[in-house]
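Chain lettering (A, B, C and D) follows the sequence in which the chains are written, and residue indices restart at 1 in each chain.
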Amino acid sequence: MAEKLISAEEVVKHTTPESCWVVLYGNVYDVTEFLPSHPGGSKIILQLAGRDATDEYDPIHPPGTLEENLKPEAKLGRIDPQTIVQASKPAAKEEKKDVEGPPPMESLLNLNEIEEVATKRMPEKAWAYYYSSSDDTISKSFNNAVYKDILLRPRVFIDCTKCDTSTTLLGHKVDIPIFVAPAAMARLGHPDGEAGIARACSRFNALQVISNNASMTPEQIVADAIPGQIFGWQLYVQNDRSKSEAMLARINRMADKFKFICLTLDAPVPGKRELDEKQSFKNAVKVASGVKTSDEPNRPGGGGVGQQLFFGTASDLTWKITLPWLAKHTNLPIVLKGIQTHEDAFLAAKYAPQVKAVILSNHGGRALDTAPPAVHTLLEIRKHCPQVFDQIEVWVDGGIKRGTDVVKALCLGARAVGIGRAALFGLGAGGQKGVERTLEILKAETETCMRLLGVEKVSDLGPRHINSRKVERDIFDGDAGLETFGLWDKVKSRL
Amino acid sequence: MAEKLISAEEVVKHTTPESCWVVLYGNVYDVTEFLPSHPGGSKIILQLAGRDATDEYDPIHPPGTLEENLKPEAKLGRIDPQTIVQASKPAAKEEKKDVEGPPPMESLLNLNEIEEVATKRMPEKAWAYYYSSSDDTISKSFNNAVYKDILLRPRVFIDCTKCDTSTTLLGHKVDIPIFVAPAAMARLGHPDGEAGIARACSRFNALQVISNNASMTPEQIVADAIPGQIFGWQLYVQNDRSKSEAMLARINRMADKFKFICLTLDAPVPGKRELDEKQSFKNAVKVASGVKTSDEPNRPGGGGVGQQLFFGTASDLTWKITLPWLAKHTNLPIVLKGIQTHEDAFLAAKYAPQVKAVILSNHGGRALDTAPPAVHTLLEIRKHCPQVFDQIEVWVDGGIKRGTDVVKALCLGARAVGIGRAALFGLGAGGQKGVERTLEILKAETETCMRLLGVEKVSDLGPRHINSRKVERDIFDGDAGLETFGLWDKVKSRL
Amino acid sequence: MAEKLISAEEVVKHTTPESCWVVLYGNVYDVTEFLPSHPGGSKIILQLAGRDATDEYDPIHPPGTLEENLKPEAKLGRIDPQTIVQASKPAAKEEKKDVEGPPPMESLLNLNEIEEVATKRMPEKAWAYYYSSSDDTISKSFNNAVYKDILLRPRVFIDCTKCDTSTTLLGHKVDIPIFVAPAAMARLGHPDGEAGIARACSRFNALQVISNNASMTPEQIVADAIPGQIFGWQLYVQNDRSKSEAMLARINRMADKFKFICLTLDAPVPGKRELDEKQSFKNAVKVASGVKTSDEPNRPGGGGVGQQLFFGTASDLTWKITLPWLAKHTNLPIVLKGIQTHEDAFLAAKYAPQVKAVILSNHGGRALDTAPPAVHTLLEIRKHCPQVFDQIEVWVDGGIKRGTDVVKALCLGARAVGIGRAALFGLGAGGQKGVERTLEILKAETETCMRLLGVEKVSDLGPRHINSRKVERDIFDGDAGLETFGLWDKVKSRL
Amino acid sequence: MAEKLISAEEVVKHTTPESCWVVLYGNVYDVTEFLPSHPGGSKIILQLAGRDATDEYDPIHPPGTLEENLKPEAKLGRIDPQTIVQASKPAAKEEKKDVEGPPPMESLLNLNEIEEVATKRMPEKAWAYYYSSSDDTISKSFNNAVYKDILLRPRVFIDCTKCDTSTTLLGHKVDIPIFVAPAAMARLGHPDGEAGIARACSRFNALQVISNNASMTPEQIVADAIPGQIFGWQLYVQNDRSKSEAMLARINRMADKFKFICLTLDAPVPGKRELDEKQSFKNAVKVASGVKTSDEPNRPGGGGVGQQLFFGTASDLTWKITLPWLAKHTNLPIVLKGIQTHEDAFLAAKYAPQVKAVILSNHGGRALDTAPPAVHTLLEIRKHCPQVFDQIEVWVDGGIKRGTDVVKALCLGARAVGIGRAALFGLGAGGQKGVERTLEILKAETETCMRLLGVEKVSDLGPRHINSRKVERDIFDGDAGLETFGLWDKVKSRL
């Protein structure tokens, strides 16, 4: 049946909360009914009402989103191509800040140079979303700075011709102890998106954790995976549990690729990322200030990309209820992301073997500012409950910029080290090639560092290869006895 | 009886210490006799002599000041409106640095942005008075920086859907653990003045302490209070005790609103606020240098707004004499502001129940530079005499810029956290709305922080939620035994 | 007898090491013979040869210098005033960087502002000499910064109406615990010179130590002293002991004014003050590079004013030989300046009562860079040999900029606090009035600080009023037993 | 036999990997066959193909290099001088950044000023090679900064007229405790090259260690040595051991000059010196990007001068195999350079007397970033295994800028202190004269420091003359028992 053709003149009339139409991929949709349930709030849609919103919509929604959220009758017909007047689109030019091609990736010598190129090339909104962190960005800066306060202790007169960076994660072999941490909306930064990252990872047999808020479907992302390449799926549990259950079922079906569920715990409510929120405010002024929307929640500071993504995310997860619920819906091992105290690492180990690993993370400094860097939590665990390292794997993320950072984390007991922004900036700088360059640099730097330490294998790295005294001074030194060794008995009742 | 009309030509002749007239609210006053007793010194009046001084006078004097200080016969008559030549008033333009309206308050995302707007919009003199602190501003900076040196310890996998920031202060319920600290001369910054702050506080059921040097009367300030809204009255005891006694009697009559007397102890003599003093010097040059005034005290550095306000303030207060005197003149509980050592906190607790709380404060860095921040004193008390927390309430102020700062103070044992400059800058940025935005931001940030720590109620916050080791290293560690535990016996004789 | 008149044309012919004439105060001198023994090296004189050198000579040589150093026959006659062609003197303009009068001293609110004005108004050479310190100026900066790392502990609810800054030094009453430390060449900075400083001190009954290298005679300096005003005389022992003995005899004759000899120990050889040396190099290039001088010592870096002054100073002083020699030539008590370790303070106390005080000093950072500030040495003594405070007086200098700095030093056990550069910058900013303003500010700040600490008398200040933990961490913690308590027996043999 | 003349037109045709000719010193060479074995990679030669490469080749290759690496038949003939068209050579001008002569060396007052002049005068490529250090240059900066954190403790009232900086190294007398550390490619910076450094050293009877990668032959360098002047030869063992053995034999023959072999251990693989690599990348773009070279190794980041020099260097050295091999090929004592932990210092001492000294060094921050400075390793040894100081000599290098730095290292137990970049910058600033000035300044500063400490002889310097507490806090404090005292037994099996 031929679809109905609708003129642009007609569409442009529907820009109010009472009747709101948008054009996506050539189709005209009536989204009036959907407005109140849009995760980002209705205002964001109203800004795009009455016109073609594909450019804004596409990079942040994976395929299938429309079908999942709109009733079939919401699709009113096709836009009549004859009636479209090409807008001058000055915005587009603004957004792409750099029109020349990227420099050759091999000319970029370190992750800072890659970030610099990405900053120039990415749309400002994408950059603001990736770059931003909460409040005064203290944790974000400290995540990196704390590595610089740790000194290395090179041993010499040791044959270092061989160097092997491979290790195993949850029993699966990877060639580098560096994984890509879950980070949302990769296509915001580059059309290669999460699939581009996956292809880059395949070159280094590196683990990738796919974000719950990826801009591509998991099926798309893992489509080109090579044999042995493994993935994890990040879960933000939704208030509407059935959505999460459906997603778990979908991941279970790809268990040859997805080897674990990564449950993120460090952001049950969104952090305050002002740089990101500023972007949102900038756009908001385009909507006539007279427009009132009934659904507008009381949001001090608006709500950037980050806050939109959190909409609908459950904040009522608990050890006692959520882990059994997960066990009902997946057999995949669970990796708990966002542990920031030795107490919670201690607790997580109690839930082995369902829980097989924790990721020490403060969400890249994006959740709670002045939360401790992973290095602190590693040292806390070493001090207060070192047995945890034997019971589960301990991964970390946050602040990694150099191979020496990777090695220091491994020396302190981390099994692997995640990069989030670094991967996205690699993507922004050069798509898949940029991510490859990022991993290539980190791998080479890691090897150089291991060799100069006189260490051949990842498993030989240990605390004797570093001097972390300057950092140890600042580690939490609370009532270890009360907090840890008697902890289990005291806390299990209230979990 | 029709008042006498006096021409501007006549008024302008009286500009000397021998005969000094000023016009206020259309009335002509002969203030010659009052000159020597003006708290700010006679020069300040002489600068305004012979002309209409209402613009300068009004924002820093509450109604009733004239009546209280001048004899009836000092009022000579009305200025003849026909004779007034409108001056070009370039000064007025200078003073208001920004003539555009303020930006929408909701576009300001944090307290720094509010301060930035206030700095642009407030008269320079007001800004200098609020912003200034003593000597090299080390304590002022440190007040804030010390919070940044404390790390948070987020606990995860805890249901954080609910969050309750309410608490009680001296038994009265407030909805946020944030109070407005006493700060003088609010109308300098915005015509809404202290009453505007009070109306903003009513929206959050927040406690406000009214400054002894408010630019409005206490009656005006609390006029619009809602049921349950509470206030404290700050007392600077005057050398002329009868003035203070009269004020206490006046406050006692409003005991439904005013729930305590806040006795300020940290500024028995004025600190050296050079920025404020510079302002005064700037104005002083307008007076012909030949003019000599007999009352001019020997003041190195002149004397800004701050020093003027201190004029007449008693510096001979003592535990032994002042507290009983207070008991004679009020039944309201006493809150002692300006405690900066554990020794004095220890002593204050000995005076319970008359003394019900202390405010750890270094006067916003405005009294003695390099005095310790409240965080230091909190940690000192925790270390040397923790029983104080059980005996009286311990409030703090100074350096609060973020909800995380609020939470850290609470974790260390503070019952509430005061904001001084922040409220005034809110007022300067947008009047009552600006103060509301300030409180709204702090409340939202406090909630986000509590949730991300996994804490539902204020009373559940504790030292286990922070890592203050970096700060603890620097806490006074004198002879604890001598100084504290044997202290009472030793010191009570010399109080 | 009428003096011979010599024409300028004749004088200008004598500009070589073989025949060198200069004009001073209208007299023509043949200084050829004196060239090799000039403390500053012959080059400095050769730069001035053949012309009137009074402007360069005068501010750095006290009266009597010519007579002391030249034979009578060196004076050849008077310059014939008819023959003098007034040079355009562009140099003079260059030197005085600021031709307007100084701002009113009372508008300067602190020592930094005074230094700023002095920097603008003083000749560059004078500024460079006063401002410079050795190597990388680390000690100079640290001298001040270390005070900022000490926190004050204000006690409240104490009657602070009275405040008395007076104390005694070596038994003599002074009104402030602040003295002017010996600093050379005051007339370089302002014609009021050392006598101007003395007159300023008389207003505050403050002690002044006169530099061995003063630009005025001791008689001139103390001429206007008021009853009770006291002075010390700084001694740099000369290689030619007879010169020093003559000077001691001269001081002994003024024992009503001069109450002690201050023997400087911290600069037996000159430090490397590069800023000062740069000045010298700048001037040196004016001498034709072909000129060779036989006396030129091997001086890497040239030699600024500082190095010139050290010429002839003895570097072979020892406890065992120098103190008895001093006893032979003066009955005045000895104050040893430049003590930088607890070991040397310990030794000095062994020489009481001849030695009555030490001045802990690193020569204002001008001798050895990274030498410890006086605060370190105070803390060292407190830790390793506190009995020293009972045996002799301990004074300090270096880094004082605020009254709070003064009070902190006193709390740590110092009996008085010296200012060197601050006095000279006061002089440079406004002559005697500038020094008065400097002392006035420091006194007022000291009083404010004492009051806010709740302390009435200097003698009541103690360690409980400060928190110096941050500094204590860094104090030398060597083998105290070995170094100190057994020290006397071990070292007395090798003194 | 008259050599064949080849025209420039003919030469210019050979610029491909298949046929590559270059002109050096007037001779035409076919280097096609040599391309794959060029340490710097074939691309570097291809950039110079078809033209006279003498300017590029000469300053980095000692005489004899061509003969050693090319077969006789590779030399095709002489370039026909008639056919040479002088290129405009704009590059040359670019390279020499400063065309004026250098300032007089005596006007440079410290090592920073010398470096500043060198930076202006040296070719950029040379500067980049000397200046660069690895990654984020943290170790390079820290090498110097750590000295500034150590305070000196001047003792006074001690006769300091005499000062003797001489000492012995491996039993040989030197006049200063400062040696020139091995640094490659001196002629890059100045034509005086390593021989110029040697002549400068002769003036101070200072030890020089000649780099394995010197730009002159050892015979040339030591040609002008004076009696008693001593040298060491740095060895980078080559994968082709016969080359190293030949070099050892050559050095053995000059045992009157060369007193030890300095085996460098801290750079078995090249560090990542990005500044240096950037230079290489800049040049690389001049080669048509279409050119493919089969030998190009997989080098992330290209490869600057530093990486080229490492080509062929063995990374399989071990205590057990390499030391005996050395013993077979030389009787000279061994100095091990690049020790960075007390464990390795401990091990080195076990190999006395073959090993006579170690040099604590992190390769000037050029190998592994965040490796510890020598000061840390000195303190580690003092703490964990002080007996090492009695068993072997401990030298240090890295970060020396001042005489006070030299003295501090000596106080901590170092027998001598090496300068690397400082010597090269001296060379760059003024050739041999610049190196002399560098040594003159360091010697004078060292003497001033010793005098002001009250110390006459190097051997009298000790820990009591410094306060290193601030640094000691950060020293590695691992399981000393495990790591050190039981170390020998545990490690000897796996050496």
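In this section, contacts are C-beta pairs under 8 Å (C-beta built on N, C-alpha and C of every residue); 3 or more make two chains touch, one makes a residue touch a chain.
Everything numeric here is computed off the predicted structure, so don't read it as measured data.
For the self-contact between subunit A and subunit D, the two sides draw on mostly distinct residue numbers; the shared fraction is below half. Farthest chain from subunit A, judged by C-alpha centroids: C.
Superposition on CA atoms relates subunit B and subunit C by a rotation of 90 degrees, given as a multiple of 5.
Chain geometry summary: the mean Cα position of subunit A and that of subunit B are 45 Å apart.
Subunit B and subunit D have Cα centroids separated by 64 Å. Counting only residues that touch two or more partner chains, subunit A has 473. Contact residues of subunit D toward subunit A in the complex are 135-136, 138, 265-272, 274, 277-278, 281, 300-302, 315-319, 322, 336, 338-341, 343-344, 347, 362, 367-372, 376, 473-478, 483. Against subunit B, in their complex, subunit C makes its touches with residues 106-107, 109-110, 148, 150-161, 402, 404, 440-441, 444-445, 448-449, 451-453, 463-464, 467, 469-470, 473.
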